[in-house]
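After the structure tokens below, expect a handful of questions from me.
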Amino acid sequence: MTAALPVLILLTSLIPAGVTFFLAQDSHGLRNSLNLGGAVLKLGLIVWMLFAVAGGATYEATLPLAPGLVMLLRVDALALLFISLSATLWFLTTIYAIAYFGAKPELSRFFGFFSLCVAATTGLALSGSLISFFIFFELLTLSTWPLVAHKQDKPSLSAARVYLAYALPGSAALLWAIIWLESATGPVLFTDPPDLSALDPYALRAIFALFIIGVGVKAALVPLHGWLPAAMAAPAPVSALLHAVAVVKAGAFGVVRIIYDVFGAANVIALGVGVPLAALASVTIIWGSLRALQQDEIKKRLAYSTVSQVSYIVLGAALASPLAMIGGLVHLIHQGLMKITLFFCAGIYDERAGVKKITGLNGMGQRLPWTSVCFSLGAMGMIGLPPLAGFVSKFYLGLGGLEAGAPWVLGVLAASTLLNATYFLPLLYRLWFLPAAPDATGNERAPALVIPAVVTAAAAVGVGLLAASPISPLGWATLIVTREYGP
Amino acid sequence: MSLTVFALTGAALVGLGVYGLLALPHLLRRIMCFNLIGSGLFLFFGAAGARGAAVDAIPQALIITGIVVALSASALAVGLVVALARRTGHAALPDEDRAP
Amino acid sequence: MTALYSGSLMPLAVLVWPLLLGLVPLVPRWREGALRVLPLAPLPALAFAAAGASGTTVLPDLLLGVHLAAVPGGALLLGMTALVWTVAGVHAALALKSGVQAGNFVGFWCLTLAGNLGVFLAGDVVTFYLAFAAVSLAAWFLVVHERTQKALAAGKLYITLAVLGEAALLIGLMIGAAAAEDLQITSVRAALPDAPLGQVGLAALIVGFGIKAGMVPLHLWLPVAHPAAPVPGSAVLSGAIVKAGLIGMVLFLPDGSGWGTMLIVAGLTGGFWAALWGVTQRNPKAVLAYSTVSQMGLMLMLAGAGSGGVAYYALHHGLAKAALFLCVGVMAAAATPRQRSATLVVAAAVALSVAGLPLTGGALAKLGGKDGLPAALALALTLSGVTTTLVLGWFLMRLDQHAAKPAAKPAGPHLWRGVFSGAALLAGLALALPWVLWAGATGLPAGYPVRGANVFAGLWPVLAGLCAVAVIKRWALPAQPPGDVLALFQGLRGWAAFPAWPGGQRLRHARSIRRPALRALLHAKAAEDHMRRWPRAGVMLIVAALVLAGLLGVAN
Amino acid sequence: MSALVVVLTLPLVTALTVLLLPARARVPVVLASSALIVLAAGALALAVWHGGPVTLAVGGWAPPLGIALRADGLAAALIMMSALVMGAVALAAQFELTPDRVGARMGFGFWPLMLLLWAALNAVYLSRDLFNLYVGVELLSLAAVALVALSGSAQALAAALRYMIFALAGSLLYLAGVVLAYGAHGTLDIGLLAVRVPAHTDALALGLMTAGLLAKTALFPFHVWLPPAHAGAPAPASALLSALVPKASFLILIRLWFEAMPDLASGAALLVLAALGAIAVIWGGVLALVQKRLKLIVAYSTVAQLGYLFFIFPLAGGDGSAQPWAAGAWTGAMFQALSHGLAKAAMFLTAGIYIAAIGSDRLGDLRGLARTLPMTGFAFALAAITLMGLPPSGGFTAKYLLMTSAFAAGQWPWALVLAGGGVLAAAYLYRPIAALFAQRAQTAARPIPRAWQAVPLVLAALSILLGLLSAIPFDLLQIGRPAPAQEGL
């Protein structure tokens, strides 16, 4: 059982993916029930494991490939943190996507790759060795491309090209780093960090840099972030998934794995690579917000805000102090909840009211009240207002920065708070205060679109409001840090 | 004594063939040059094989096989050249200077 | 899994009740009459304060562990806040138009109220920050309620400063929490001064609270926001909400640090300068706003000096200032000359009390504040009576000429009677309540306020002030726009609005590098054709054979 | 044993019988015997897997008199791969090369040539005798040239002739080396040569043979014949030419450098070979970027992919063979040979499908075909993944093993080329994929039977599976691996 479970979880999205590809375009019922069924099943398994793992259990499954190529699937607390996010949001996004696409063409292809993408994310979370991490990292890249290109019009195709143009060199760098490291230390399993003494500090720094470049592309660290704003040419459910769970999170998660399970926080500090990375993350945070200010398209603005927000996680990991790490990990969840809410809403504005530009939001608060409330909650969470999710992560990051002896982090957080307010509050201002344009139309009579947004928004409030309870993401992150990376 | 003659002749044939192969664009000439080189090598082979008094059977067997192979190769080549000449009117590779 | 809560639930109820009422407008059927719930929202707080504000709630699972207990002087402040909000609520229920707009107003009114009460109940920094954020951000909606250009502009300024304040506050609280390794306000206060970044933290906190408390020079928003907000809104802003900043100062600033002095200086500057500047205003609410700035200055001065009378002083000022603002609304609703003069009488009574006319609540508040104060500061407090009389006198003149506001319903005797009685009630409380609480709050003998010296110290500034009023009644000062220093910032607007930068730089760059790359590729193609020629290839083949042979040969 | 005989003789027999058969019977017979050969290949692989290398002394005479045939793990693996590719190509060709579609000559000529090629391949894989290898590789070249010329168009003929010139020159160089070797040692059996008394002509002999085989393996700069030849041949033929033919001459190189004369291998020579390989990777990739026709892109990608094979020489050859990482490098290169074979065959077959569907393989005309022929597009994408070396494909396993040993050997530049080559491959394979995924279908596509579409998909899937289940082929390849590589010199 312990071996079967990780594989089972992987299959819950792999099988739907495999089958969906060969379904006819018009067999909606079967396709939807397949995807939803897989999602529900996976959620069930995860809930079941949450309790087991909280009790200290771990599940492992190994598939030895060629010598040195160990495919290891392992459920530990950190992995579970990430899967439970992806599984939950996958379920909601599936509902949303089904409603969003209705009877548009190429649905089988879309949902096939959609499930494949989630399978890749799951595998990424579960992988217990560098190589399996890389394998799923690549699978993710490949399965995301068709999603970005889904519309098959000029912008989406060029967006997809840009995406690959960033992602593939990135993965080349990652592979380079992995093999450089493993050629000296042997296969790296996350369970037992490798003995790095075989390599001299300069080589180690170079390897670390390569690792960061590799995963940094996905985490959209400046200057490797160019693909993310371009990728918002994709349909809304894809953007939601991309920005909240799948790709950028994979990058951030990779940073965490690399710092804590490959190098080990102590080594990162000893090598003096943590602070530069934290600085890079801070630059990203600020730069992303500044660019977001200049966008007049809702999704573009959200995309740049993702660039900025995801680096919170990197920042937390790079500071390598317990509190900062808690902040980073918990932001992995919190940002996901808030950002997916925002993208859901952006999709609804586009789909139900034809609003793409920020100017179109004027007075939408009256026309689409539920959507607008969710959007406002997400935005305020991003700004970091209590009791919303964003505040909790920000607070821990700040404390962590002080703990790690990097008080400048406070400045970064404050600046980003202000910038977030500067590019989100005008939206709320338009939503609620400005009168709607005379020709404005739109309604939200599409429960399958609105309900997911409401759920995630409620979750974003809930995890912040109940942060201190042991079952909250914060509680889980604390458990991870104290149990697995505790000093 | 006679062996060295064989060997030298073989070497000469090979040299001749190599020169022609590189210098002459006309494809039939090239095919002939291939055959020259082949024969030269076989001569040399026979010479090298026949060491001491006892005649070694293996080289002869091999040479015969080789000649057969060379023959079939030449046959195919000539066929192709003819076909090419029919199509293009030239018995030379397109991007090389035209042969008559 | 610990217990969900421990301790009495009363403090929690105080906060939750308004939040629940805030949800009423969500029910379409109730939306029409939603305004009527406003007076009910503060009642639990009132009861709690009347009962002495004892009891604590601990909710370990909520936020990062919520502790609720009345802060020092909390009973007074809670009571005052509750009273102000109740009466203002009545006023709003009577005076405001109902409808969707009103629905939003009710929701955010209750949210603001909860936050306002929360800052007086918070025991840990996170809850405090939450309450503070609620009270300052939700008040945005009170400011812009009327959606006029003026209101929206004021709202912009208000929210900008509020967010800045939040950010500063967050920095300060984080530094404190990190230093204390604990979230309790008391331990943070204790840990801050000697923390590595303690001074930075304190500075940040002072900025954060200063903005809210209208500390000069961070007071910009008050004179702009008050005139824009509807009457009840300004009443709670000026009466209760600004006190959140004050209580923050009291809670977090350690005694006897350099910051105290700084606070005194800033307070005194505000105390006098703002009052004088108020005389240059035309809109009575702007005048009142400046008077609030000056009164807050005095309270900050008291806080900086560590006087125990701050809460007591704040109690009176809150009630009085709210009453004055309501009077503006009353005046707007007044139809007959009788009503107008009646309003003026009430306003005048309250004004004199604020100025510290002996035997009024205001005089007691001043006496309570002076107690244990250095002589110089006590004198300053006395002197402030002059300026206060001046500015409030000026306010009465402006009020006299004040015309009905368009936002109000068509004035009717019924409406006027309602709002007038509200204002009158607050005025009465402002005059009388200090007497009731005197002994309990200050611990001074009951006869103390009627001693000759104290009466004189209260009387002469008022008389002097009245003379000054007589002067400006003749020679009015030139009018100035509200928001004095704000003019400086207008220039920065252009910078603040980020111009969209040219987007496609990267692309153009790429195109510039693409052309040579293509040329190189074509060159490669040409080279390929070149290599395809047989003779060259043949030579290369032989060369390769010989090179390899050579390399192998030399090795063996 | 019997399986070995079957894989060796059955293709030849079938090739001859096909000549005599009436048109109707031709395809069924070929398919039947192909199936038999695939089974035999599987049986052989199993036999090797369980009982170690299978040896057959023809006529019961041991070398030097007799000719020894030996199937070690490497040979078995290559035979298996070739059998799968051949079988798949036969299946695809029965749809594609019907006389009414492509005319009688091609419709008839393809089958015997294919079987002849197959026989020659297996002969090369199994031979342990330099002259046998000569004959085998010569037959191989002739069959290949004939396949190129099959379409009979002018540029096809020119391409065939250019190919022929290179091939013959290569054979002659190789033959010269053989002659020298025999003159020096009086034997051509690899096993005996390995234990020979070193002679001073050995260097020249090995040099000549190597150069000749490089010309046949189309290593840069002798690749120039390959793109026109592979692009000019009918798609199924191209699949064979690209996937299998170069592997045969490469195998002979391995036999020479690792089994017959490992003692000669000098660092400098090994370095030259690998350097040429590295240049090939870059050069092939760059030129693939500028091609406009799908088949040319795929052909140039062959040039690039063959380059990786040559990293085996410095990493596992010479002194390296004694090192711990030698096994990794050696196996990595072989994985590359196997996975490239499968993937490349799949790619050419998809190209054939597109040509059959719209009558052209210009990228411009391919636009939007992913919608009309989804299975084929999927197959192409899978094959592309292997060629890019992305996990979990066989190409990835190969790259991974090679890179690891490159680092372990401290020769990281090879790793750099491996990584860069992967990105380059992604770049040039992206163009056709993007075209296929484009919005509007340009030309109305003729219907293509699903069975035909399934063939390349299966091959591509196999090339992925090779990576997922890499443990089994890995162990198979170790069986009978050249002894020096384990003992050192």
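Quick notes on this structure:
When the chains are written out, they are named A, B, C and D in that same order, and each has its own residue count from 1.
Definition applied: a residue touches a chain if its C-beta (ideal position, glycine included) is under 8 Å from a C-beta of that chain, and two chains touch if they have at least 3 such contacts.
Every value quoted in this text rests on a predicted model; they were computed, and no experiment measured them.
Put simply, the chain nearest the middle, going by average C-alpha positions, is A. Two chain pairs are in question, B-C and B-D; the one with more C-beta pairs in contact is B-D. Between chain B and chain C the centroid-to-centroid distance comes to 101 Å (mean Cα coordinates, whole Å). Spacing of chain B relative to chain D, judged by their CA centroids, is 27 angstrom. Centre-to-centre separation between chain A and chain B, using Cα means, comes to 68 Å.
Separating the CA-averaged centres of chain C and chain D is a span of 78 Å.
Within chain B, residues 21, 30, 93 each touch two or more of the remaining chains.
Residue positions of chain A touching 2 or more other chains: there are none. Residue positions 162, 165, 169 of chain D each touch two or more of the other chains. Looking at which chains touch one another, you get A-C, A-D, B-C, B-D, C-D. Per the touch definition, chain C reaches chain B in the complex via residues 529, 532-535, 538-539, 542.
The touching residues of chain B, when paired with chain C in their complex, are 18, 21-23, 25, 30, 93, 95-96. In the complex of the two chains, the chain B residues touching chain D come out as 14, 21, 27, 30, 34, 37-38, 41, 44-45, 48-49, 51, 56, 58-59, 62, 65-66, 69, 72-73, 76-77, 80-81, 83-84, 87-88, 93-94. Remark: chain A residues 226, 290, 293-296, 366, 383-387, 392, 394-395, 398-399, 402-403, 407, 410-411, 413-414, 417-418, 421, 425, 429, 432-433, 435, 464-470 touch chain C in the complex. Remark: chain C residues 521-522, 524-525, 528, 531-532, 534, 537-538, 540-542, 544-556 touch chain D in the complex.
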